[in-house]
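Chain naming follows the written order as A, B, C and D, and within any one chain the residues start at number 1.
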């Protein structure tokens, strides 16, 4: 897929909580096709950051010509973007990576997002919904106060929730949710979140014989396959997460689980 | 003099031209005494600059508790400050340096500012005016469009102007102004601007036997006498411009002129 | 339009802007963003005799105005390069230079020999300065005898332009450069990365899988400029300067300090179009300063 | 409140935060901003036997995440220090350490001998690593024999704590550290500045009067951390780590890599209160991590 480098205009910024915000960027040209699970590399100039920052594409609006990102503030760059004002431009390379495996005769899928890991799942959910897939989205957060995006996911299927503090849904971590006891009802699991979470899910998926794809967030320098910094070990050797991923089928990964 | 480090609030920013702007900062405590010719070191965080930036104190308003700066955009830091919004805070170390020599029985003084070199002269002009000194302020700029602050200086005495393009006042450089032909009418010259300009003025001052002080803008790392980076050669050896200056009597400097 | 052509040994480049090894893949990775034919040269990823998997993840971390990497020369080996990659990139209208690494002198010569037969590879860059491999690599570049032995051996099997890339992790860079020149290098490129390290204060662990890694980016520019200047005063062969070049001004600084051409590495990650901007910027710079040929800048520092 | 006390040779510091030579004047310059008595130590400006005017202006320039300086050891000589400065600062309740430099071994020893008699100077730091003087300075710090000769001579005349400050501009820092230890250094501090250079592309001139200068600040932190780690694996004497420390996290990184104490240099220019913030930050860090004594951090990197 062709990659683009464009100055996109910030058209909307929505603070969701102390930690999370949404950023909507508009292209002045028309958007290329973007697949669920792809990501973008955003340049943050004039701040103390040096490299671009990779962010999953959270949603795409071809009518308005916008892409949006769901961002968690963890350091300098994500904080800088949280303070950017609508009207400003950001230099963005996109769409990057291969995205989720989208098979045709999929009936029922489970989407699992841990924390900010839900970012790539919204666009995926809509995509699957439009293809007639019946989906359940399991969202795991620390506390109910952390997230206010649940309604969007409800448009495309069932939403299940776990909170660590028990303030909503099932108490505990994502993998504590009862849905994992009937895992074989699903044909596929798509998941994104902390490595430990994805590994726990992968283990359950293997045990139940369900196909499972994980979206990795390895640290990246270039995002376009040039630096070989972002590799993950696969059965075919080290592969770049930025070009061969970020989504991988767990069968392909050499994960110790 | 005691030095302070404070977070000052930007209360006013006034763009004067493409190149120049005024920045007014307010102290939440009460201002210490500040002498004409002293400067401040402003921290510019979260940008690509690293060190603080030294700026002369352009004006002081003890009633409003503010100090202001006249800044010329020359690079990263001065550009960053040009875009700062009122309400934000800047960390400032001030007042620094010794300032102009303020003798008591001064009758008539000539102030000469080249370009942004007029910055420290406004506060000096008012100070001298209040002491009953008759002053002429000679301002040299490239073009009349460059500057819109002339009226302020008129409050305290005569204003003479040179422009390089002849768009206002005498055509040419500062030292081309006819005032230099009757230099001995002044008891003292105070000047700030590019080194070449100040050296030319110093030459004329020496020739006419007029006392002359120059305000230097040597590059500085600390601004408080700790690093010894900002030295100028004097008859007593290398001296720090940040603590022994920035104003020096030309008699004291080992200038090749 | 000033004349941007420069000569590196027998090799004429259309302009002095070359991409640095390990930061530009095989060029193809950037073809969506720039016209590769406009580049002065492309130095492809470090290539070894045998395939290498490289080091474990994590391989990089950001540092103030720079980054640390420990890729460890992951590549599929010179045969794979010749069979699969070379045919795809040979038609790019630029000097395609292969960066060659090895653990022993024999590995260097065997790799160089294979590359010598490729029509559209006019030069190789001997990497005797990689800090991220256990054997060989930087060890060759940090001693005069080490550098000398590799260069003279490779020179015998590789008759085309031989560029030797030096390690900055040495007490006396000029001394090593002198050996490189004496042993027959046609050009010297410098600097490779500075050996650095990062620690995660929360986890108490090193950030990189190999603990130490190579520092690149603007942070190292002052060191790189100094070394180019020191080497320029010592050798007569052309120098290719690199280390933290982000824009045309940086490039001019290296030329003034003594470089005939420059390489751009880490900056490609931040702006994949930076090389073209530097080429255009050099043109503008020369016109503005009324300089007819870029070669006039080399070493013209006024001191 | 964790225990912040550390020992450097015979010297106990109330906390591991020391100010770096040449960046903190004689301490007095900072007394309007912080309570000097809270510091673990103050290392005063480089002091030589005879007065020195230092290098010509310009002496500094900003670089990406750092700065270059070429002050060139401007100071009024050790006698002036003893007569005029020492009486003013001797009562500050912190370890006041004098950074000693020289052009010959005799100059080093003569200076050290004079300082040995000062009651409130518990240690000196031998600067065998200054890149900005023509004779001596770094020359001593970049060869084992050079370092050895100065250290053993000074050791004979200075019975108190002897810290030796190493130059990072070497191929093998561990080798030099080993010599320093063998010759009797009680502690090693590192790193001094990296030799760098800046060029003004518009004027075609070097920015610094001496063409090259010393690079400091966060840009060099990865190199400094790496060297502390390499030296920690080699010597048994305590290491004082420095180079680009801007906050408590940076300080912890150096401790984990092997430092017993740390110095803060360039950061003082940006925030004259940084030292106190680091001390407070270390306290908080230790409490948060449930660590009783800061000495537990030294070299505790998990690998």
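The rule is simple: contacts are C-beta pairs under 8 Å (C-beta built on N, C-alpha and C of every residue); 3 or more make two chains touch, one makes a residue touch a chain.
Bear in mind the structure is a predicted one, so any value in this text is a computation, not a measurement.
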item	value
Shortest walk length in steps over touching chains, chain C through to chain D	1
Furthest chain, CA centroid comparison against chain B	A
Whole-Å separation of chain centres (CA-atom averages), chain A against chain D	47
Chain A-chain B separation of Cα centroids, rounded to whole Å	54
Averaged-CA centre spacing for the pair chain D and chain B, given as whole angstrom	36
For chain A, residues that touch 2 or more chains besides their own	48
Sites on chain C at which at least two other chains make contact	63-66, 217
Pairwise touch network: line, ring, star, complete, or other	ring
Pairwise chain contacts, counting only pairs that touch as defined	A-B, A-C, B-D, C-D
Residue ranges of chain C touching chain D (in the complex, touch as defined)	63-66, 68, 142-143, 169-171, 194-199, 201, 203-206, 211-212, 215, 217-223, 225-226, 229, 244, 249, 252-253, 256-257, 285, 300-303
Residues of chain D touching chain B in the complex	22-25, 29-30, 32-33, 45, 53-54, 56-67, 69, 71, 74, 217, 266, 268-273
Sites on chain B touched by chain A in the complex	45-48, 80
Contacting residues of chain A [partner chain C, same complex]	2-5, 43, 48-52, 91, 93, 218-233, 237-238
